[in-house]
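After this come two complexes, each holding subunit A, first together with subunit B and then together with subunit C.
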Partner chain A sequence: MTRHVFPATWEQAGHAALDGDAVVVGGATSVQPWLTSTGAQPSVLVHLRDVAGARSVDGMAGRLRIGAMVPVADPALRPVFGGTEPVWFATPAVRRRATVVGNAVSPFGPREVVPVLAACGARLVVLAEGGTRSIDVTAVPPNGLEPGAVACAAELAVPERIAFRRVALRPRLSRTEIGVAAALGDGCGAAISVGVGGPTLVVEGAAEFLRDPAGSPGFAAACCSAAPDPVRQLVGGLAVRVHRALHEPGGRS
Partner chain B sequence: MPVPVGRRGVRPRDEAKLRGEHRFAAMLHAPGELHAATVRSPVARAVIRRVDTAAALTVPGAVTALTGADVPGRRLGSKVVDQPVLADREVRHAGEPVAVVVATSPRAARAMAAAVSLDLDVLPPLIDPRRALGPGAPPIGPAGNLVATARTCRGDARGRRVVRRTWRTGRQDAAFLAPEAGLAVPDPDGSVHLWVATQDLHADHQQVCRALGLSADELVLHHSGIGGAFGGREDITVQAHLVLAALRTGRPVRMVYGRAESLIAHPSRHPMLAEVELTYDDDGRFVSLRTRTLLDGGAYAHTSAPVTGIVHDFSAGMYRFAAVDLETTAVYTNNPPAGAMRGFGATQACFLIESTVDAVAAELDVDPVELRRRNLLEPGEPLATTGQPLTGCADPRAVLDAALAVAEPAGPPAYAARRGTGVALGIKSAGLGHGRPDPATAEVRLTPDGVEVVSAAADAGQGVEEVLRRVVGHHLPGVPVAVRAADTRFPTAGGSKASRQTMASGGAAARAAERLAGRLRDRARVLGRPVPDRWTPADLTALLGSDAVWCERVTLDEPRTGPDRPHKAFQVIAHRAVVDVDELTGECVVVQLVCAQDCGRAVDPVGAEGQLVGGTVQGAGFALWEERAVDAAGRQLTTGFGDYLLAGATDVPEVVPVIVEHPHPELAFGAKGIGEGPAVSSPAAVAAAVRAASGDPVPAIPLRRATPRVPA
Partner chain C sequence: MTAPDVRAATCTVDGRPITLPQTGTESLWDVLEDHGVALPLGCASGHCGSCTVLLDGVPVPSCLVPHAEARGRSVATVATAADDALVAAMAEHGAVQCGFCSPGIVVTLSWLLRTTAAVGQPITADDVRNALTGHLCRCTGYTAVVQAAVSAASKISAASKAADR
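So, the complex of A and B:
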């Protein structure tokens, strides 16, 4: 029998998450299908919905702190997604429930928002048995955080401009197969993702090319060097589009 | 009061759905109900050594477990009776039902299903349909691997030039949104009542009674709400299992499939492999057509035989050929079964012929539209395959013109994309055809309070209920009309398939209403009363008198079909597709689809447009994304809408329906069935548009994406 726990504080949440095979629930858009489709019965479901501060987006000195219960569609996150709602992420109904932090750590499905977060230099605030720590958003293992750990928030830079281009079978709804994200601003950079549910890789040395309106070839080369062979040219092509989008925001790319 | 025939209006049933008041099958419950779950084969081909349910029966809440041993030799099948109720002795495809477990809760039933142990001698499966009829192929069917074949050979002319192509189509799923579900309730009189979402109550009733050895009055089937069908509910899924479980336990039993189970439980569209040779003269006149078409029927026959017939009948499209040599064959394999799906083979045939026509246009470097005009049959000319004259329908040129008259989308293609436009012409029969009985019974009951139409026709969302309301209302103006869904104690309406219900049940109800109206007029004359333009309750009370209820029941099976007239009526369709293809990624973005279709007469124009839009989108999905993926061992990999990529509104932003009305002289109101037509030619049109944009040959659908033109 699964026990449902609704902690009011992060301390309570962290304590509850240490219970056996507890599963932490944010927006539940991944957990619920997992429970339904597998018939899994974890001993505890730790729902974060009532945790104080979990729904807040706090901005300060060009940075954002996104609480664990902030949904992808939250208008306060628009600067992170280029001034609009990320229509490439699932459906409107899912975007209203799925959380940014939950997606970034989910072991159940592709972490679609991670390339964008990584381009903004995002780090996750993780509460675990040993205390609170900060980890790079791209460093979450494929099977999620370790048992007992709770991702409380994401902290990232507010980009001056950001662009994300991806390859997917359908313009919307379909999962990202290859993605390139880049952002301009302090602490920002670029990231690529390769393969549905595959890793997100930070593109080293991208910042200098991103600032330079003529830096498209260099940026593309940097992205290509981070990509595996079979998709290198495709990543390069997307990188050119991303660079163009950053420097010609009203243009077609 | 019904909306008049031909006028736009809201369907009452739609409002109930929007309010959440429509009772879909999964929403049905009964006091004391039990819950059933299916155990399915994990492999495509095996000999069953043992099905061990001992552990399952120890699960808390376990009630009973049923295996093939409980129903040995019992077979289902709408056309060929070859499908066991539960596999006994052998399994023929991955996902085949092997056992049904029953418990006091859904969770316990799932736990029981997981605890059933299968001892199987796994055998090498036959996966490639091209091997099915060759030497050394393991026999899958009851008498070899041939399900059906059709051959037409006429004339020996050949043109000076030739194109040869091989075309493939994939395994599309009906993907109705409400998965299979049902509720079986034992009655104190010993019978079982089954509520189920199906396309054909009576066909299910006949199959289940035969398979379980029940007399007709020991089983009553009722319609539940149906959340889409598209052919996927034409065959048995939960029905026999639920009845068997209810009989075994003596308690109500319900079963609801999840999406993953639904995607393996009902037949798919037949995958097709076709080798085509078309010869033509220098002026682009077609001369001969040769096809060798192979359909993968999967492990059981289902509707493979009639699908073979439809593929065959429409493989030459609406074009003139002096000579044809056509052979269409369906075979057994160990793949998941294929069966009925919207288009019923005409979709594959259309892709075959229309893609070949485009190939000729490319060879000649002529406009594909002009090439079509040059070779289309004139009205009244015989179809190349069946010889049936193209009558009762619009001139295909007029339908093509109607599609082309719609303005193309404004604005340039997306960045770095190339835009392509494709057209395709489709034809499919409406009604069962080939002399098969195709009756529908409707009863119209008139009281001073209004009219009740009684029919067992399944409204799967296509709108037959609204058609019945309107056609009856037309003959009895001013009288409120209600439609009551009958169960199997009422005569059959035939299935909601083959685009037939508007013609069949609509025709029967119209005739019954017409007779009642005639009786009213006669009674009025006898009584010396005026015959009003619109009837009022007072008029009816006065005329019906002490009779209180007047009733007319009509069974209609017209016009008849046979060797000289294989098909009752034709659906004639034209699609134009505009697609942008991203040069870098190969991603295909559908920009606009136009569907023009001869509807005869659109009884419910909003419903008709809905059919045109929905079928067109379903066809676009078939062309680009939708496929049940099966691995080399015959196991289906697709498990849900995360990997079965249905085309949605965001994928097909602009669909323009164009209703062409060419009334059929032998059908009530001239109205033809239209439901399948929109899914017939849209895949071919989308494929043509991708070819035009990308230069790719697109020999197979779903395409998923065009070839990327990655910069060096």
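So, the complex of A and C:
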């Protein structure tokens, strides 16, 4: 039977996560549906809710450190989502529980926040058997972190401006099919996501076009070169809208 | 009321202490059902909102919560979380048809009224529609639900202002 542990420190959490096929639980909004729908019985669920510092958001010198239990709806994260709650992400109730870090590493569902985090140059602080390391938010394998690893926090730049445009079945309650995110600020850039649950790709060389109000064609070309063939036109169109939103926030985008 | 103990795997449901399982992967909804607390379950994946409860005062679909996450916490179902003014307004506006989604909707909108209208903040139809995102209703078309919530909000705000005078 699946046991439940409630570590109080990251060291305890890392130790517990080494136990067999342990599953780490943050907000649980993707873990519990997975347990329910598959009947999976992992040896232990490691609940992070009581880990000291896991719920904190610390800002310093234009950067944010987001603890592993900080939910997507946390008001302190509004600058990362363009000043509002990300209404494109699930439902209000889910946003109040789903965690940013958990979403970024979850093997159970699409990592909806990753394009936005990647545009802010986010890196994850990962505790594993060999110690603590920092990895790019886009570098998490599709099946999640390796056994025994726990994502403790995300560190990212606070953008001066940020825009995210996506193709989805509906504006809300639909997952992102194609997404383009870009941000202005030190350490920021752009990223595209392709396919529900698909990879998020960092757009190399985007920063120079993002700063330039006339850089829309160059930015679109950079995004297109990062995108797979079948979706290049869509990505290019989204990139133009994103660039326009960064420079003409009152305009149509 | 005695505070629930995390290690003893207990929580309170509508003020009543209950024992949670020490092991297993059941959701909070499963455990509530085992204790005779009947809540509708639609999708079991957090999309439909029919099984919504308050967990430490905040709405959440109980199907999304591992039972162990409720340790040491208070759970309120529609039985204790419902706002009387909202329930009356829903009846008045015909905002209930088959009723399957109603418990979850009532929990969420009662929370909205308590956290906004009751403290003097206005509630618009858009606020209500936003709160209803994640509550699927196949019967009403939502219009009557939104009207009922706005109506209840104005009554609550008026009562709150009168009490302040």
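The rule is simple: the second predicted complex is superposed on the first by the 253 of 253 C-alpha atoms of A that agree within 3 Å, B and C clash if a C-alpha of one lies under 4 Å from a C-alpha of the other, contacts with A are read in each partner's own complex, and residues count from 1 in each chain.
To be clear about the criterion, contacts are C-beta pairs under 8 Å (C-beta built on N, C-alpha and C of every residue); 3 or more make two chains touch, one makes a residue touch a chain.
Remember, it's a predicted structure, so these values are computed and weren't measured experimentally.
Q: Once the shared chain is lined up, is A:S37 touching subunit B (first), subunit C (second), both, or neither of them?
A: Touch partners of A:S37: subunit B and subunit C.
Q: In the superposed arrangement, which partner chain does A:A221 touch: subunit B (first), subunit C (second), both, or neither?
A: It touches nothing on subunit B or subunit C.
Q: Go through the superposed model and pick first if A:L173 touches only subunit B, second if only subunit C, both, or neither.
A: both
Q: Have a look at where A:G237 lands relative to subunit B and subunit C in the superposition and call it first, second, both or neither.
A: In the superposed model, A:G237 contacts subunit B only, not subunit C.
Q: I'd like to know which partner A:L18 touches here: subunit B for first, subunit C for second, both or neither.
A: Once the two structures are laid over each other on A, A:L18 reaches no partner at all.
Q: Which chain, subunit B or subunit C, is in touch with more residues of subunit A?
A: So, of the two partners, C touches more residues of subunit A.
Q: From the superposed pair, tell me which subunit A residues show up as contacts to subunit B and also as contacts to subunit C.
A: Dual-contact residues (subunit A): 36-37, 87, 172-173.
Q: In the complex, go through subunit C and note every residue touching subunit A.
A: Listed in rising order, the residues of subunit C that touch subunit A are 6, 22-25, 27, 44-47, 49, 52, 58-61, 63-66, 68-69, 71, 108, 130-131, 133-134.
Q: Write out the stretch or stretches of subunit A touching subunit C in their complex.
A: My answer: residues 1-4, 6, 25, 28-29, 31-33, 35-37, 40-42, 45, 47, 49-50, 87, 90-94, 96-97, 172-173.
Q: For a test of understanding, state which residues of subunit B touch subunit A in their complex under the given definition.
A: Result: residues 107, 110-111, 114, 258, 260, 414-416, 584-585, 587, 589, 624-625, 640, 642, 645, 647-648, 650-651, 704-705, 708, 710-712 of subunit B touch subunit A.
Q: Enumerate the contact residues on subunit A facing subunit B in the complex.
A: 36-37, 39, 87, 109, 167-175, 233-234, 236-238, 241, 252-253
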